[in-house]
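Got a structure for you, written out below as structure tokens; questions coming shortly.
A, B, C and D are the chain letters, set down in written order, and residue numbers restart from 1 in every chain.
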Amino acid sequence: MAFGTVALLVMAAGYTLGAVLSLVARSDRAARVLTAVGAVVGGAGGLAAAVSVLATRVSVDAVLPTVVSAAGGIVIRLDPLGAFFLALITAVSLPAAVYGTTYMAEYDGRCSLRVFGLMFNAFLLGMSVVPCAANIFTFVMAWELMAVSSYFLVMTESEHSETRQAGLWYAAMTHLGLVLLLPMFFLIAAGHEATAFVDLRAYGATLTAGTRTAVFLLALTAFGSKAGIVPLHVWLPRAHPAAPSHVSALMSGVMIKLGIYGLIRVLFDLLGGGPAWWGGVLLAVGSVSALLGVLYALVEHDLKRLLAYHSVENIGIILIGLGAGSLLHSVGLRALAVIGWTGALFHTLNHACFKGLLFLGAGSVKQQTHTGNMEELGGLITRMPQTALYFLVGSAAIAALPPLNGFASEWLVFQSLLAGAHISRPEIAAGFPIAVGMLALTSGLAAACFVKAFGISFLAMPRSDHAAQARECHWSMRAMMLVLAGGCVVLGLAAPWVARGMSRIIDGVPGLSAGEPIPPSSSLWLTVPNSSAQVSPLLLAVLLGAITVAVLGAIHAGGLRVRRADTWGCGRISQTPRMEYTASAFAEPLRRVFAEVYQPTQDLSINMHPESRYFIQSITYTSHVVPWFEQVFYDPVIRTARGLAAQTRRLQAGSLHLYLLYVVAALVAALACAWWFQ
Amino acid sequence: MGGAFSQLVMLGSSGMLVTALIVLWRKGVPAYITAYRWQSWLLAALTATVGYYGDGQLYWVAGLLLGLKGVAIPALLRTMQRRFGTEREAAPYVNTEVSLLIASVLVVFAYLLGRPWMAVTQLPTRQGLPLAMSVLFVSLFIIVSRKKAITQVIGFLMLENAIALLAVVGTFGVPFLVEFGVFLDALMGFLVMQIFIYHIHDTFDTLDVDALARLRH
Amino acid sequence: MSLILAVLLAPPLGASSLAILVRPYQRFVGWVSTIGVALSLAASIALCTTVMGAGPQQEAVPATALWRVDALSALLALCVTFVALVAMLLGRRAGHPDREELARTRYFWIFTNAFVFTMLIAVTIQNVALMWVAIEATTITSAMVIPLTRTKASVEASWKYLLICSVGIALAFAGTVLAYFDFVATAGEVPGALNWTVLRGAAPSLHPALLQLAFAFLLIGYGTKAGLAPMHTWLPDAHAEAPSLVSALMSGVLLAVAMYAIGRWKAVVDAAVDSSFTNRLLMGFGVVSVVIGTFSLVIQRHYKRMLAYSSVEHMGLVSIGLALGPLGAFAALLHTMNHAVAKSLSFLAAGRILHRYDTTEIGKVTGLLRVMPWTGALFAIGILALVGLPPFGLFVSEFLLVRAAVVTGRFWVAGLVLVLLLTAFTSLVHHLNRMLYGEPPPAVTIGERRGWSVTVLAVSVGVLIVLGVTLPRPVAALITQSVRGVIP
Amino acid sequence: MSRYAVLVVQPLVALGLAPGLVGFVRWLKARLQSRRGAPPWQPYFEIRKLFGKEAVVSHTASWIFRATPFVVFGTSVVVASLVPLILVPASPLVAGDVFAAVYLLLLGTFFLALAGLDTGSPFGGMGASREMTVVALTEPTVALSIVALALSAGSTNFSQIVARTIAEPAAALGPGHLLAFIALFVVTLAETGRLPVDNPSTHLELTMIHEAMVLEYSGPYLALIEWGSALKLLVFLALAANLFIPWGLAFALAPGALAIGLASAIVKLGALAATIAVLETRVAKLRLFRVPELLSASFVLALLAVMSTFLVR
């Protein structure tokens, strides 16, 4: 059998063995180790399969028809696009699995690690099979397996009531995804027997415009609810903080990318692209998601919830890339469209890398300080130097600062938006500058947000004794963070080479390819076809390094004398942590600027001193920012459901006569229907 | 031969309809029991006449009908009624005048429903079909509108009679094995209902079905 | 063939009569009935294989033949006997002797075996009227078991169950007589006229108007037994108050037997007049049942009533499936099978929970995973199977049901069903969360041995997973062949 | 080889000119307020003095506090090498385009804000918070003014934009260019901490934005940061000047052209510095929550600039 098929078998075997062995492990420690072993073996298999497909660009096929043949059987096909996503999954799941072994040590005895091991490997298996699925049943089966197992992972700390609440939201939203997925696939395969993707491509071409629009809307909502675009993202900031950190790293870094994979596979591969307004919708949804994601991240003070909102922002950026690409493609500028798609795919890979890193960092902080609230952290850089460094690298990367990987992919997305200038029809071209404005505002706010996140959590003095007693985490956890941080730096510096690989993958997908061969691009500069704009992260890094070394040498040559003293405080005697700036204070100016978006609820209560009216005993001011779209979109739905339920309950009123009346009424109705349709 | 036979059948089935209406009209359980006994006797007689004109097997059926529904069940009903001493029917949901009005509407509806059947069959007893349907609907109305458990049981027994009538009139009686099975079910159904009435009386010490409204939603 | 049929039907009848004769040794009777049902299961499996091999089995003389087993009835017999075996293995513990308890257990065994016996007759008999008699007998036998605990609630539930179902069944008999009247009017007195094969053969010559009227009566009658809305009102009371063994049997397979009867009559009426009328009625009642079943789940305080309402919803799905042509029928029959296994598993686990917590309130049952880890896990698996999550069978049948709806062009049905499935999923997971997690109440003893009954329930979980992940070829072939019993 | 030499010389010239530019602005403001004021070359002495002094570092500060000066200084120098001050580097060796320049400056501000938080003093935190707010709100305006330029030039590469403006002088006077220039000028005031957004010469910690972050620095570190900020001001003014009024820039390496280039650069920078000085004497510091209105006004200008390039085309 081909190497790829063997690797896929190793992957499947690794995950299933990991799941089964950890279920029957004797002790908690053994369960943790077996979980990691299964995940690593499976991940290695998956990575090998993906790399072999990416290198040789030959798809790997495997079919198990005997299984559930009535519904179409299990059919596997790993093509370059699927291989890219499989590589992305395994690249993050390997470090996360190793990180998890020591991270879960604090759960020993508190929750069943055997079930956790089973669900963790099932989750990885589900995620890895989604990009390889080649017919409707396998895709939907893997999709739901991933959803079910990740639900149980979110519920590991089920003793807290907000975790249960988060679990319920998560289960409902992912099931909404499935409920929309089924009709979408069936609309494409309408009437025909075969359900393999190969046939769906043929049927896709013959669909009427109306069905294609219906499929587009269903796909956008189904995959959007998994990816977390704005109106459908409500589960993301609830579920990710509730899960153990290395699981939220996988969920936030990798699982939501399968929503992006689904969009590309259905819209551009099965349907082969669509009219211009599809791109417009993607662009609009992407920009809104990006902006609202970062805005709500700014006012968030729980570290993991902040990172979850940032996933919404980065998914928005990816969608902007996809939207720009498809708009340019539909207008005919296919070569320019490739920049957009390359930017989107590159940002998917980058986000998986730095989001995974940030969540692992947050996990170490949470393990040591037992709290995620930034207002109680501080001064961790001296106590956890390596974690702080890796968190800083992650923050710089996510804020798109050169020379790291975030900058390269956002530069490509910006260039694709600039390419909008070449569009002749003004009504389409008008949207691009607005998207540029929103994207720039998003990256500015992201930088501000991560200054807050890193600055308040790691710098200055610890604000609580938890933070004061924090020690550096286990070496294996730090090693895994180093791997991901290294990934961010290497992806940043080798951006031109990676971008070329991306454009070759895009060329493989019929709906995306530019038709003519890819122009050769240098391996030092990120370039844009027919525009001489270029940037070389490597060269920038070298220049920066050179200047820093030169200046450092000059200063030390001149004899640098350093004296440690107290921070200057306008004549204050001692510096206490209470005087430090807090997270809410840091975000307060921006909260005031964007007050209309936040609609903050404020209440001020002043209670007077009991003896006399003139002396104030205490003033309490509380202000909350509750996402308004939950009131606008979700509360009405829940209220109607409960209202209908109340009505139906009244149906069962307890009186036997009423019940018999129902039977007679039904009889009369049926007879009338029979008489009517004579 | 046909005219007298169909006249007799018409007489029998309309008699059964009248006995059903008596239950709606009167208020005492003893009156319902006598109405039910009369109805069973009429049904037995009708089956015998059809047996006389049709195949002879129906005599056995008539005999069984007479023994079981004409004598045994009314006797059991009588003992039950005397034991629980419930003379007056609690105020039903619908007073007498309105019940009779509804009964007439139901009869009209049965006739409307029965019209296509007349075209279908040439059996002399086809006149009885709409009547059987009206007895069925009236007994359904009895079960739905009356509050006492015993009255509901009597309504249910009248429903069984209506269907037996339908079988006899429509198809000159279903095969004997089926007839025997239906009898067995009717008897067992009645016995179980009787046991349940004792249960209800023990636990709720009233037979008013409105008391049975604790299980909701 | 008649030997296998004898082995299928004899054991429950024998066990029931044994329970009547033998007064004191009820534990012994328990063992006999369990072994008996195991024998019946073996017989039904043998029946399935013979039916698959040699086509529908019938007695020597077709005209006067009383019994007929084709793929559909073999499938139903298989479901009935499997669920009965699982339930009896679990319920055996009920037979511990104390005087007043002894009488109650004796009744319990008499009527439970009679209940299984009548269901098996209903699915294997050929005569339509005798099928009605058998289904009426199932009502009577199961109604006797409900008030055994003699509480106000169980007496009320049994009275309502008996009365509504008897009224419903009486209407069904009216429909049967109407159909027979139509047959006699056209073909005259033919021996064995009430056999549904004869009826189906003569169907094209019958009068469509009359048959449609008869089907209206039949659908209301058997629909009441199948728990289709709005005739479902007896179902939550009866299933919540009955002992868990009987409610597992009733919820799992009794509803399926009633749907079997509707399926048989649908084949006859479709042969006479085109299937649009029956599909329209079935679709209407199916959608109403799913709507009422789902929205009754949203606010629910008792977990047994929750499982009952979920049965109403699933029977609605089966009825919609029957109305969606051959692919829909395949999905409906597969769904009946999966639902039987999953619902009986959930009810039996609920019975064990009730035994330990002594309350049916969802609010009062907390920390289930810590108090009874094995039963809690099995109960959770049952509920997750019922909401249609992948590794379990119901996901495949719901997948095919929606596919059938889209293939036959009924998009609004597919959309509505999916939205309702989502609502049911959210409410069931919400209630499950309230029960599984949290602090266990102080009065409840923590911990549970991995005993005999847990392994039995694990077997049915295994069956569910086999049906879900690798729908074995013989089962799929059996269902495809039985679809011909429903769609002409 | 000579092309690489120019690539190194141009930033050095910028480094040399930067302190003088800041000194000139301060001197001209003093004269306008009829004060004698320190001579324009005073900042050179300050920087030399600071290099000699010892550096005082707070107990709570971490390695980020000591690394930030090098990052700020380094990014400003790299951006100076990208922006065409005297010579338009036609060579393909240019390490980045306009976006790269903007994001490099963002890197510098990012680390400066972190250093402000690192010392744990409330003033540093307040400065960092306000600086990041202002920077976040200026990002869209900078991006859109770049889009306005790039739309007409078809690329974000500096040399391409300059060549395009020189090729069609009429376009330079078009509405798009003018609006983009004003928008970029407002952004320059905001980014480099000039009035009306931030008062560089204030002593009251509560009103500072840029100064509050560098409050804790001393000795060589403060020198590097002051020099870096001065260079940042020069870069922004050069960006505004040479992209919108590119005449006088040298294209070839001839000594004559370089001399003209240097002269024209000094003249243009002097004129812009004078406008800043006049502006700072005329206008008072805006309250912090009025600054977003100013920045959204500049954003609207940039948006109009972009829209006008569509309508004109």
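Here is the rule we go by: contacts are C-beta pairs under 8 Å (C-beta built on N, C-alpha and C of every residue); 3 or more make two chains touch, one makes a residue touch a chain.
Quick caveat: nothing in here was measured; it's all calculated off a predicted structure.
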Interface with more contacting C-beta pairs, comparing B-C to A-D: A-D
Computed distance of Cα centres, subunit C from subunit B, in Å: 31
Inter-chain centre distance, subunit B versus subunit D - centres from mean C-alpha coordinates, in Å: 101
Where subunit A and subunit D are represented by their mean Cα positions, the distance between them in whole Å: 36
Geometric centre distance via CA averages, subunit B-subunit A, whole Å: 70
Per-residue multi-chain contacts in subunit C, two or more chains: 159-160, 163, 167, 209, 213, 236, 296, 299
Interface hub residues of subunit B, defined as touching at least two other chains: 113, 116, 140, 143, 209, 212-215, 217
Set of subunit D residues in contact with two or more other chains: none
Pairs of chains, among all present, that meet the touch criterion: A-B, A-C, A-D, B-C
For the subunit C and subunit A complex, residues of the former touching the latter: 159-160, 163-164, 167-168, 171, 208-209, 212-213, 215-217, 219-220, 223-224, 230-231, 233-234, 236, 276-277, 280-281, 284-285, 291-292, 295-299, 330, 334, 384, 387, 389-391, 395-396, 399-400, 402-403, 406-407, 411, 414-415, 418-419, 421-423, 425-426, 429-430, 433, 436-438, 468-471, 473, 476
In the complex, subunit A residues that touch subunit D: 379, 381-382, 388, 392, 396, 399-402, 407, 411, 414-415, 418, 421-422, 426, 429-430, 433-434, 436-441, 443-445, 447-448, 450-452, 454-456, 459-461, 525, 528, 531-536, 539-540, 543-544, 547-548, 551-552, 555, 558, 560-570, 575, 577, 579-581, 585-590, 592-593
Interfacial residue positions of subunit B with respect to subunit C in the complex: 113, 116-117, 120-123, 129, 136, 140, 143, 149, 152, 156, 159-160, 162-163, 166-167, 170-172, 174-175, 177-178, 181-182, 184-185, 188-189, 192-193, 195-196, 199-200, 202-204, 209, 212-215, 217
Residues of subunit A defined as touching subunit C within the complex: 66-71, 137, 140-141, 144-145, 148, 155, 158-159, 161, 164, 167-168, 171-172, 175-176, 179-180, 182-183, 186-187, 190-191, 641-642, 644-649, 651-652, 656, 658-660, 662-663, 665-667, 670-671, 673-675, 677-678
Residues of subunit C that touch subunit B when the two form their complex: 127, 129-130, 133, 136-137, 140, 143-144, 147, 150-153, 155-160, 162-163, 166-167, 170, 173-174, 177-178, 180-182, 184-186, 189, 193-194, 207, 209-210, 213, 236-237, 240-241, 296, 299-301, 305
